[in-house]
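Next come two complexes built around subunit A: one with subunit B, the other with subunit C.
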Partner chain A sequence: MEKKLGVYICSDCGIGDSLDIEGLQNATRKYQPAVCKTHPFLCSQEGVQLIKDDIQNEGINTIVIAACSQRVNQDVFDFDPLTYVTERVNLREHVVWVQPPGDENTQLMAVDYLRMGITRAMKALPPEPKKAELEKTILVVGGGVAGLSAALETAKAGYKAVIVEKAGELGGWAKKMHRTLPSRPPYAELEPPDIEGKIRAVEENPDIRVYTNASIEAIDGEPGMFDVTVSSSGSSETFRVGAVVFTIGWKPYDATKLEDQGYGRYKNVITNVELEEMANNGGLKRPSDGGAVQSAVFIQCAGQRDENHLPYCSSVCCLTSLKQAKYVRDSNPDAGAFIIYKDMRTPGLYENFYRSAQDDEGIFLTKGEVLGMEENPDGTINVKVDNKLLGAVTTIKADLVVLATGMVTNMVPEEREPNNLTDEFIGDIVEKQTQDGIVKELEPQSIVLNLKYRQGPELPHLRYGFPDSHFICFPYETRRTGIYAAGAARHPMDMASAELDGAGAALKAIQCVELTSQGKSVHPRAGDQTFPEFRLESCTQCRRCTVECPFGTLDEDEKGTPREHPYRCRRCGVCMGACPQRIVNFKNYSVDMISSMLKEIDVPEDEDFPLIVGFICENDAYPALDMAGINRIQYPPNFRFISLRCLGGTNLVWIADVLSKGADGVILIGCKFGDDYQCHFIKGSQMANERLGKVQETLSRLMLEADRVEQVQLAINEYDRLPEILDEFIEKVKEIGPNPYKGF
Partner chain B sequence: MGQDKGILVVGGGISGLTTAVEAAETGYTTVTIVEKNPYLGGRVAQHYRYFPKLCPPYCGLEINFRRIKQNPAIRYYTMAEVEDVSGSAGDFRVRVRQSPRYVNEKCTACNACVEACPVERPNDFNFGMDTTKAIYLPHEMAFPMRYVIDDRHCKGLECSKCVDACKFGAIDLQMKPSTVELNVGSIVYATGWNPYDAARMDNLGFGRIKNVITNMMMERLSAPNGPTKGKIQRPSDGKEVKRIAFVQCAGSRDENHLPYCSAICCMASLKQATYLREKVPDSKATIFYIDLRAPGKYEDFLRRVDADENIVMIKGKVAKIEEDQATGDVVVTAEDVAGGKKIQEGFDMVVLAVGMEPQTRTREFPGGLRYEENGFIDVEQPAGVFGAGVAKKPLDVTSSVQDATASAIKCIQTVAGGK
Partner chain C sequence: MAEETVISPDIKFIRELKETGGETLKKCYQCATCSVVCPISPDDRPFPRKEMVMAQWGMKEEIFSSPDIWTCHNCNDCSKYCPRGARPGDVLGALRQRFIKEAAVPGFMGNLVTEPKMTLVALAIPLLLFLVVLGVTGHLGIPEGRIVYSKLFPIRYIEVIFLSAVGLAGVAYLTSLSRFWNRLTRVNGRGYSKAFVPALVETITEFLKHSKFAKCEANRDRKNGHLLVFYGFVGLFITTLWITFYYYVPKIHSPIPLSDPMKWFGNLSALTLLTGSLIVIANRTKDKGINTRSSSFDWTFVIMVLLVCVTGILTELIRLAGIAALAYPMYLVHLTFVFYIIVYFPYSKLAHMGYRTLAIAYSKMTARDVEA
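Up next is the complex of A and B:
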């Protein structure tokens, strides 16, 4: 494509008052734009028409708009991205609103930004989307409440679904429930489970195929073309699906570990799951002798909220015990049910259900702690309770003690402890012989999905085995594109929530196959039509890209050369940052592009004016700088910020570029990382930080101090911290002294 | 169902935004958001941080706004309310009334008007704890990034100083309300919530005692773009707060007020205790609670907060709150269940963990909606009509997003009838 450049400078919102516009125009000359125009109100109809006319009459295809932030007026400066390259140079929020007007340094800053913007635009090409006819069937892994809901909603939306269920029948735990929690006002009456109706609806639906007694031998490929091999009843079959809903559910916490709470020691101590089965199979009886239950004690948080067992709360056990207390009362109006809790957790409208139990004179509720248990010769159990409401120790004689045990996601295999899992993938640390000697390495274990992914066969997990995701804002996302987790596999939840969750995940799966077949990215760069391109002839098989991709996009051949799966890609550019050979690039985002932009920065020879280049995350740090602008918060003129799709895209070669041309420092501003990471690409800012650890080598080669390079974690709303952060860094760089390469 | 007529989403908070972008990104349908405020983002935009990650809501909003900006299938009307709904699933006719903003699309957000405006108004975004000019930007991440005039305070044509100051002809003081007629296939009510009116609980002193505030006010007091630029100062005299008390279930779990549990207030207070502890190192927070409800993985957060010895949690209901007139301090009288006694303690400031009241409890919406006894939108609705988020029941952000995404698939099924 022959580039035809048009540069449009807006002079208002204070830009014209603060900057020498003619000077800016002159600075564009070396790029020989076909047109370079100034307008006092570029975002007006007339201003935009000016650009449109030039596109029409002059054949402009590369449009540089030097005006306000790229975050505003997108709908105004909207030129078909598949035909034109549009670049926004932020003279307003990032220059004139944060720098003194008419100042020489302000002008220098603006000129640098303009030159960098033009360079970015000249190095960019419109993307070439990969549209394809892809498979749109949705695979649902697990046929419990969440899975059935996902399949039914998928089919109702006009798509085909396949359920793979490990058990011999559909329905999961719901099938074992005697009654379910109330779903409507007054929230006092238990309801019969409607699971049979749902199973029937699934079985009768011609668009839903069901495999029972089935497991997944392999999932290979990518969204729109996942090849799934399912083995069922001794035979195996491979078919293609477009996306996956992951609803593998939960298992009860292993009660045999709760011997100190009487389980396994006394016959009449059972779990809440066992009580449910009992209620379903002939009613409540004492396991020891089949006798009637006159008195039942429910012990909440059994092995939960306890760092030795499950450190978390399973969300539903308070409600379950209230429900089961009603079973006790319904089966024998003279019986008493005692619930000993730490905190009664009945959130939202379930409070009404709690109240209905409080209104029952045969249900006794107290905050308390179980101090001990003793079995009587008749099989009854004396439960000694420190009753916190009465401030006294009391003993309750129980025919039945019910432990409210918690839920463990089926991401965690039977033999593993949920509170003691290996990071990221569940597996074993093994010693491996490599070229560098023996190294310890995590060998991830196959559990359910058996993904044929280089990084591991399952979804990366958070603490306790729940799938890693942005669980506040984007709860369905996992770190495997096209695989959406729902139900108790992703977070402890009740059946009503699991049903909703299955529906939500089905929507995400449908959205994924639709966006993917248009060649568009899914969250968080939804709609992005670019793809990374690999110049494999220059690959040295260092494997950094295949290891670092937060989404497991890249596999490897035997030699270690990356194998692309474009539809798994989220377009963050972490691989581009990782590659020391600079072989990974996008049409409109590349290592060379940023290097070329850096060349355009005019580093002043003045030794008292340290010049610092900042690489910033466009999702959070860039808006934070915008907000500093909106608040007219002034900061030093020494910085030139370059925004990246994610800080994880930072390539170390740029740091060498910056410092070898005499700039005095490099600051990286990105999202918080660690347990409470804020990076939209999960690991981007962390990867950048790990890479910085290795920059020392580059710096010592250049005989430069490591402190010239720093990474700062900044949340999007912390714009108020910017002046302090930037001032401090300048001071630090000043202390180190000017870059000896200055002027070379 | 025939041709796609699109989806109407009533409410542009986190639930409405989620339903809108998730539905629109399937590529099936157009979505129109109708939002009462001059900006999208709803309640979450007023929050400083989310629990349990202590991350700013703007971070996720930024992504959602970007999804809206680049998707031509999503339209939105701010300062707009649904006036009338007729028809049925697949063919609803909706009349939307848009109040005048007095600022048109020519606004560049340059702020010259604010500098010229001589009138101040209480800032409702900050619950009246500071003021803005009569022409103002609701907050710095407001989307759309456009100023607005509060016509209850603006002096109008006789003043016109902002009109003179605006180089772009963006201000039209004679703008009139307008009506938009929509034809949609499906409607989602994501009408959200208001904080329960704390003044109704006479014993808790809100409205009478200056240093008793609500949890939503505490969010604004802690935010860098709040009335005090993120310094936690008490309203009466601007003194830095060192001793703070949180009163849980202020209105919630109370049959005289909100009989239900608002689901989020325990986590919100635990979170807000960390705001103060982080900003004021020698501070101390006391939380009076009935039950600490930190479900699921949130337990980790409770454990983390509980590990701070300067955050004390007392099980017990607060009986009354009084003002020490001499010092402006707030004296809390509460039961202490564990200690089996009554306690009385003074604080610099008290935060009432006020519950969520659905918009639909105090206001009826057109469209034949069915409500449950507390005013939430019922599960069962006429065909093609759905609720999303806190309109249905008290939920936190992640559960609202879950619910709103599930509503999106219901809409797709209604309007597009599938492929």
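Up next is the complex of A and C:
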């Protein structure tokens, strides 16, 4: 493609008052643009028409708009991305709003940004999307409330669904419930579960196919073309689906580990799940002698929020105990139900249900700690409680003690402890003999999905086995593109939430098959039509890309050469950053592109003016800098920021490029990583950090100090910290002294 | 951690409380806003938070062995600021009513007076008694001539009936009070920082000044109403002594001329009581943004006070107007209400007098009282 460059500089919003526009225009000359124009109001209809006319008359196909942030006016400067390369140079938020007007350094900064922007545009090509007719059926793994809801919503939206259920019948836990929590105002009355209706709706729907007594032998492929092998009642069958909804549900925590709370020791100590069964099978009775239940004590957080058992809160057990307290009261108006809680947690509108239970004269609630239990000769149990509300140690005589045990995701196999799982994939650490000697390696275990992915057969998990995703920002996304988790497999939740969750995940799955067949990326770069391209002839089989991809996109052949599965890709560019051979590139995002941009920076020879290059992530750091601009927060003029899709895409060669050019430091600003990560690509910022640990090597080769390179974690709302962070880094760099390569 | 208690909640007690004005008690979620805003709650084990939870848990014994439900003046600052609408003020009121009923000697009197549905029976008893006495002694009928109430109901009869009834009630009340005192003092492991008599004197001084009542914020006007009712009763009590003195010493008999200082004093006291009870009623009816509801027990008593005033004043006015056919029946009606107020006092709202005195004195003795 022959590049024909048009540069458009807007002088509105203070740009013209602050900068020498003519100077900017002169700076573009070396790139020989076909047109270079200034406009006082570029985002006006007239301004946009100016660009359109040039496209029409001059054949401009590479458009550089030097104006405001790329995050605004996207709908205004909207030129077909498959035909034109559009690059936005942020003179407003990143220059004139954060630097003193008319200053020489402000002008230098703007010129650098303009030159980098033009270079980026000149190096970019329009993407070539991989469109294909793909399979759009949705596979639903698990036929509980969430799964049924996912399948029904899928069918309602006009797609086909296949349910694979392990048990002999659909319905899951909902079938075992005596009553469910109230679903409508005033949230006071328990309701019979309406699961039968749902099962019937699924069974009668011609667009939903159901396999019961079934398991998945293998899932091979990628979104739009997952080949699923299901074995059911002795025979197996392979079919193709487009995306997967993962609703495998939960299991109760193993109460036999709660002997210290009386379980297994005393007959009248049962779990909340057992009470539910009891209520379903003839009502509440003392297990020891079948006697009436006059007084029941519910012990909340039994084996929960406890490092030795489940360290987390299951969020439902308070509600379950309130519900079951009502069973006790309904069965006998003179019976007392005592709930001993650590914290009463009734999320959302269930607060109303809590209130209605609280109003019941026979339901007694207290924050407290169970100090001990003793069995009386008649089988009743004296529960000794440090009652925090009464401020006294009280003894309650109970016919029934109910342990409110928590929920464990079915991602965790029966025999494993949820609080003691191997990182990322559940499995065993084994010792393997390799050419480097004996190494310890994780051997992941197959549990449900049996994915034929190089990285492992299941979804990577967070602590305690829940599928890894950003819990708040993109809850259904897992780390396997096209597989969306929902229901209590994803995190503990009640039935109403699971139902909603199933619907949500189904819609994500549909979105996935649609975007994928258009050759577009799903979240977070939804709509991106680029794909990573591998120059495999230069590959050294180092496997960094296949190991580091947060989404398991790449498989390997026997030698270790990456095998692409483009539709699994989320376009973060982590592989691009990982590759020491620089063989991974995108049409509009490449190692060479950034290197070329770095060459355009004019590093001043003045030793008192350290120049620092910042690599910033487009999801958090870039908008944070925008917000600094919007709030007119001033920061030093020594920085030149380059936006990356993800900090995980940082290739170490760029750091060498920056420093060998004579710039004095490199700062990487990206999302928080660790347990509470905020990275949109989950592992990106952490990967960048790990790579920086290895930058030492590069720097010592250049005889430079490691402290010249630093990574900062910044949340999107922490823009006010920027001046402090940047000032501090300058001070640090000044202390190290000027880069000895300056002026070379 | 305090002492160990075995809990066997009295669900019936909770139900009763809910029926007698404490229907919101279960709403309390123990945030303790009430104890913080209460101007007269002590720092040491403040009320009404703990009363709320004990009531929720049906711990009758514990509540009734503490002075705190009586230390409460029902200002309702707690109910005003309660984020849950649990109305601690009303719950404590219900607890006090329940206590009066529980502590009543003999027990059936508790039921008779604290149960509003029994009020008519309670009033019928003295009226029938009067009619029977008058019938038997041949006094039933409108006497001729100048209206002199002792013509209908000789003073000696009144003395015998009232003195013996009040005497019995007094003995019963003293029994209840001493039982209460024993309950209070039974579990005192902390010793006393003040003797009973000085504490009592301090308490009564406070009452005379209504200084603790003055600390109420949400319901400031209640103090004035209560003060007038209090002094109205005191004035009428003095009037009664005064007239008895006239009767026996200078042998001045009723009706006493309006010019007599005793008459001025008596009428002034009656007007004070009337004004006081009207203020109390007005306070209870006007919405001051405080989330409270008067229990029927409270209403019964306020209305009885109003009626005793109104019938008393009417008795005097009709006599002055000389309408014998109305005056004598009115007098009987008035006597009936007087009987209700002074003979039933150990079982009516008036019983709080003694319990509150002892409770506050005890709080002072154990250094848990808030400076007035």
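By definition in this document, the second predicted complex is superposed on the first by the 731 of 744 C-alpha atoms of A that agree within 3 Å, B and C clash if a C-alpha of one lies under 4 Å from a C-alpha of the other, contacts with A are read in each partner's own complex, and residues count from 1 in each chain.
Here is the rule we go by: contacts are C-beta pairs under 8 Å (C-beta built on N, C-alpha and C of every residue); 3 or more make two chains touch, one makes a residue touch a chain.
Small disclaimer: the values here were computed from a predicted structure and weren't measured.
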Subunit B versus subunit C as contact partner of A:542, first or second or both or neither: neither
First (subunit B), second (subunit C), both or neither touched by A:719: first
Which superposed partner A:526 touches (first subunit B, second subunit C, both, neither): first
Touching partner for A:439 - first (subunit B), second (subunit C), both, neither: neither
Partner touching more residues of subunit A, whether subunit B or subunit C: B
Touching partner for A:466 - first (subunit B), second (subunit C), both, neither: first
Contacts of A:476 with subunit B and subunit C, given as first, second, both or neither: first
Which of subunit B and subunit C A:355 touches, first, second, both or neither: both
Which superposed partner A:491 touches (first subunit B, second subunit C, both, neither): first
First, second, both or neither for A:430, with subunit B first and subunit C second: neither
Overlapping contact positions on subunit A, where the subunit C interface meets the subunit B interface: 355, 367, 389, 391
Subunit B contact footprint on subunit A (complex, rising order): 12-14, 40-41, 43-44, 68, 71-72, 74-75, 136, 153, 156-159, 183-186, 305, 311-315, 341, 343-352, 355, 367, 388-389, 391, 462-464, 466, 470-476, 491-493, 497, 500-501, 503-508, 510-511, 514-515, 518, 523-524, 526-527, 619-620, 623, 627, 630-631, 671-672, 676, 678, 680, 715-720
Complex contact set, residues of subunit A against subunit C: 334, 336, 355, 358-362, 364, 366-367, 384, 386, 389-397
Residue ranges of subunit C in contact with subunit A within the complex: 1-9, 11, 14-15, 18, 26-27, 29-30, 50, 53-54, 56-57, 59
Partner subunit A, residues of subunit B touching it in the complex: 21-23, 25-28, 48, 50, 52-56, 58-60, 62-64, 66-67, 69-71, 106, 108-110, 137, 140-141, 145, 167-168, 223-225, 229-230, 253, 259-263, 291-300, 303, 315, 337-338, 340, 372-374, 376, 378-379, 393-395, 397-399, 401-403, 405-406, 408-410, 412-413, 416-419
